[in-house]
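Read through the structure below, which is laid out as structure tokens, and then see the notes.
Going by the order they are written in, the chains are A, B, C and D; count residues from 1 in each one.
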Amino acid sequence: MTDVSTGVWLIGARGSVATTVIAGAAAIRTGLAAPTGCVTEQPDFAGAGLPGLGELVFGGHDVAETCLPKRAEQLARSGVLPDRLPELVHDDLVTADAEIRPGIGGPGSGSQVEQVAADLAAFRERRALDRVVMINVASTEPPAAPHPAHGSLAALDAALEAGESVLPPSSLYAYAALSAGCAYVDFTPSTGARLPAIDELARERSVPYAGSDGKTGETLVRSVLAPMFARRGLRVRSWSGTNLLGGGDGATLDDPAAAASKSASKQRVLGETLGYPVEGEVHIDYVGDLGDWKTAWDHILFDGFLGVRMAMQFTWQGCDSALAAPLVLDLARLMARAHETGRSGPVAELAFFFKDPVGTMVHDLAAQYETLRAWAGTP
Amino acid sequence: MTDVSTGVWLIGARGSVATTVIAGAAAIRTGLAAPTGCVTEQPDFAGAGLPGLGELVFGGHDVAETCLPKRAEQLARSGVLPDRLPELVHDDLVTADAEIRPGIGGPGSGSQVEQVAADLAAFRERRALDRVVMINVASTEPPAAPHPAHGSLAALDAALEAGESVLPPSSLYAYAALSAGCAYVDFTPSTGARLPAIDELARERSVPYAGSDGKTGETLVRSVLAPMFARRGLRVRSWSGTNLLGGGDGATLDDPAAAASKSASKQRVLGETLGYPVEGEVHIDYVGDLGDWKTAWDHILFDGFLGVRMAMQFTWQGCDSALAAPLVLDLARLMARAHETGRSGPVAELAFFFKDPVGTMVHDLAAQYETLRAWAGTP
Amino acid sequence: MTDVSTGVWLIGARGSVATTVIAGAAAIRTGLAAPTGCVTEQPDFAGAGLPGLGELVFGGHDVAETCLPKRAEQLARSGVLPDRLPELVHDDLVTADAEIRPGIGGPGSGSQVEQVAADLAAFRERRALDRVVMINVASTEPPAAPHPAHGSLAALDAALEAGESVLPPSSLYAYAALSAGCAYVDFTPSTGARLPAIDELARERSVPYAGSDGKTGETLVRSVLAPMFARRGLRVRSWSGTNLLGGGDGATLDDPAAAASKSASKQRVLGETLGYPVEGEVHIDYVGDLGDWKTAWDHILFDGFLGVRMAMQFTWQGCDSALAAPLVLDLARLMARAHETGRSGPVAELAFFFKDPVGTMVHDLAAQYETLRAWAGTP
Amino acid sequence: MTDVSTGVWLIGARGSVATTVIAGAAAIRTGLAAPTGCVTEQPDFAGAGLPGLGELVFGGHDVAETCLPKRAEQLARSGVLPDRLPELVHDDLVTADAEIRPGIGGPGSGSQVEQVAADLAAFRERRALDRVVMINVASTEPPAAPHPAHGSLAALDAALEAGESVLPPSSLYAYAALSAGCAYVDFTPSTGARLPAIDELARERSVPYAGSDGKTGETLVRSVLAPMFARRGLRVRSWSGTNLLGGGDGATLDDPAAAASKSASKQRVLGETLGYPVEGEVHIDYVGDLGDWKTAWDHILFDGFLGVRMAMQFTWQGCDSALAAPLVLDLARLMARAHETGRSGPVAELAFFFKDPVGTMVHDLAAQYETLRAWAGTP
């Protein structure tokens, strides 16, 4: 795949995750950093025909105006990027920043879809790209209100033509990407492509999509611990979690509606893995001083033999942008390859990367990995 | 397998684990308790031809003289058994206690092997058993000093005939079991069957053996977390652990030599799973007041993308006897079936149950489960 | 004080705390248990003229009908009381249960005040008591709606005579106790005596009162850690807490209004101790399977020299009834003595025992202890 | 005290702690940073006649040759100092580095004492200082072997004159400081001034000394939690600790002899505070990748009312240099003032700062603070 070039179009292209993705890809390409945290750099994926990490070309949309070099400096000050990296990859940041277009603010209309699709087409042409993958790494949206126009592509197209605002921004971006023949990935819990109408569009245009909600921290751990309890026949009585996080996502999730969407997604994985509903709540608290860092505490009460009560607790102290960025690179590579090989509609084989995977209810990380490896790994 | 009867011969038959095994099997048979924590009671093993939990017949060796009903009362007082269970299964405890013979104290000789083998044969005949599985749940031994007689069956037999004390008790029991045509399982980190001479004996007699060191707590969690870090390409920098435990095992492990054996076994799983050596120590502290309970704390320092340093910690508060007992029942059933189907020598497919499995270096719990299910699960 | 007898009248007299108080006092009196957790049994209070632990006479109100011996058996099964204690102190439990009267359910009226006061008077007379201390250990009430009648005793009396329901149950009990010449203690965060009208009544009748909200777990730890950070000049950036609890209190606090009252009380201690407001939330989650046990997790983010960011976390795994009961005994003794020595109105010197102490804003446990010792300790 | 100038002579003057002290004092003086973590900057010490933080003049001994500006850059890279601070206080670092003399490596002799005393005298004269405080912030020494010459000043002088090597380096420095009329503080657990002979010297020369072992992290927390358990009458059954640390001190303490010294000092505080011996071990593990950061985990098992078993755990994640540096500044100011006001011999009033305070067995942080405030605080 050496003579193929791949574009990565990021929604939220000047956010922490996107900045880390772009700076990190440059650092790896130039040998300044190892690809730590990149799944597709493991031996299981060598020779699997994926586009090279160093060949990815970046662009995107954002409503923010702080340029990438400046954002990178901010991230270096808070320890997300190595001290001198922003300076060392300055040119790459400037190049990517020049490919960023103004984002969509509120609920979208048909003309906005056309504008986004035009931006994508221009990017593909200008940079001579074989294909482009759009990845949503913007802030989490509140759950979208249901609307009859979501039910079929015909109804949706009619509503958009009539100038109705029936789609949240994430879905508008998904529509635009798919209609422009670009794969779409939702790394957030937002609605994105998860509407019957948009699924229909993806199949009609023979373009793949994937999502949603990148599995970066607490849920990652849950996706190996819950199967452990299940395989050992240990009965989980309650599973409670508290997440403390700062940064943009923390502020967004402090909004109860957005938090509810994220929290329900987190708790669902447990019931689906264990096979029975589990007592317990998940809290998401905004703690501004934590910046890009997150601390999660989980408490699990379980029964052993003869009903003896036991407990496990864990804390996870991670940097969300640094956990998300390599997965975004993985998804860009894997979706480009999926598109190239003719895949269309939801790609359930990428469940390994998501809290709330489309097309499957398997949440066991080990099983998800086997599925991924069998599908996309070294033949 | 309804008309087949299986004996379970426990070394350390009056210890906490054995007492919990015997009381628990009776509780499950009479419907007083669900088989929580029993792997072989999961749907994957229904109809796999295993002997019924309620059909197991118990006996064993022990140097202790406190009878099972009294031990069960002690365990109920410390919360390991439900309050009134000892009373409700009193008859089963008395029946099993009548099958307990005096154990071997120090290093063993040939005549002791013959005595143990004779005890096993008498048990099998008296209770009309089709086969017997010996399971070692005695206290951990210090590592055995190497001896030339361990290298081959001929050399070992010669040494035993000469009256030399060349085997630690666990190996003497293993020798006796195999020579009497009984399967042998080592649930402790003791030497047991892990000597070339004894392996030779198992193959010669066409009897299976398995072990060693039941994976009940901290290492169980490590066996799912380490693969998680590996699959995500996250680089573990250090992994430290402290175990606080009371009870007999705690007192034994406070002995540096025995602790060293257990600690090395715990740390090895990490290096073999991750593929690189990992900094960090494991401490085992005796805290008498914890009784049968154990608290473990693990601290994991790891690198994410671009070398960003992150940390995960967990604590595990479990009751070792309650975690071990259902696995002992699982192993009895699985080894009886393995023996019945003609299996001989080390059974690597049982790695799922052990910290230090014979015949394999796979420590990934999910992979171990797949191997187990494929081998012994529902066809 | 040997020839003086003291009554303890418990609101919620058949709840977990009250049952533990009564069973525990009997156990200590008969030498079955040491007074672990009793502050007034420390050397600092020997010879301070307090009534003996073994001389306390118990009675109370409750809406529940399960008798004390039965409640004690339930508590023994869940590990709050030692296994055989209910049987050993059976007579004491029966005696106390005979002194329990039906409690007040909803908002109270004047006639209910009279009934409660009559119950108290009858108890004092029947048992020939020199004085009686009423202690509220019932479930937490939601915050009471403000009412003009709360502002002065005259207004309150007028409203009660007019048959208006202006007082929550806890305040009605406080009114009855004080008007009957009995000291009143609120061990819950309910309104109790904390209304100007009731404070006026206490002063008029020369009776002392104290409260509120017994400091048993997480807040106890906060009351030593917050002063530690203050004395060292370390700047706390955020302090977050999650409490998991079962039992009756857990169910009550799952009600958002009641939780809000408790949560605000918990966070206030920090700001008042540190001298600046602190970011962070406190969650109280009901986890039924925890029963009488509580697990709290606190996460503290703080700045050291030159703004270096550090963190402390703690978990507290306690049994609330076992933590509260000895403090209830302490408060009964100390308030009886305060009453005897002529103390009237709020007793700020008892702040050591409370999350939200009346009459003071000092939350530093060490300072509170010094105040207590200077006031009530050995001369 | 405006016209008085004070020198601070640091043993280990190019180590992490010393570099942080010197850079931090400059940052505070120039308004670049607030004095977070400085006890003597709290209102209780305003107007207490202490020398100003900005007026301290630094020098010292070290065997290391990496200059202070370079060490400061290393510390900034590992997050101990703010990113650009080394550059901003470069001149101060250069000035202090010029006052650093080669340190003593092995066991010392009489001529070394003279050399160190001469260095001190030259520093005082060259910088026109009214007085100098020597503070030992070098790596922890192994416990010194007892020697008859330690028993009296006469015996010690005779041994030194005879050229015998009877003093560990820390004691040699203490001897030199006191004989040169400089106050001495030991911030490490090394022997320092804690020998009868050196105590005699301090009293003879009318110079104060203080120590030992700065209370920066785990023990700081223990010194508030242990009194909490004591005051509440809760019986501690076991208290276990594990410390993971990198940096120079971590490597030193990985040596069993040095660790034993530190570990015993940590556990002693518990017994002396609680009034009874407490089961439990303290581990100190070297984890190189933690750098200057330390993670401690403590597990406390305790009994509540009627013997109910409960547990508390805490983790402390701190940067040792950032915790130690402001205390070193505090001690310099307080000892200069003590010397000025004629204090001689051990200063027990400084126990607040130390794990193993000279002259007292009070380990309760709140009591220590009251003592400190009463002695040195605002009149």
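As a working rule, contacts are C-beta pairs under 8 Å (C-beta built on N, C-alpha and C of every residue); 3 or more make two chains touch, one makes a residue touch a chain.
These figures come from a predicted structure and were not determined experimentally.
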Contacts shared by chain A with chain D include exactly B, C
In terms of C-beta pairs in contact, which of A-C and B-C ranks higher? A-C
Determine the centre-to-centre distance between chain C and chain D, using the mean Cα coordinates as centres, and give it in whole Å. 43
Between chain B and chain C, what distance separates the C-alpha centroids? Give it in angstrom. 49
Please output the residue numbers of chain A that touch at least 2 other chains, ranges allowed. 79, 311, 313, 315, 317
For the complex, which residues does chain B have touching chain A? 20, 23-24, 27, 33-39, 41-42, 79-82, 85, 220-221, 224-225, 227-228, 231-235, 303-308, 310-319, 322-323, 325-326, 352, 364-367, 369
Chain D to chain A touching residues, read off their complex: 77, 79, 83, 315
Touching chain A in the complex: which residues of chain C? 237-238, 240, 242, 244, 279-281, 283, 285, 287-290, 295, 297, 299, 301, 309, 311, 313, 315, 317
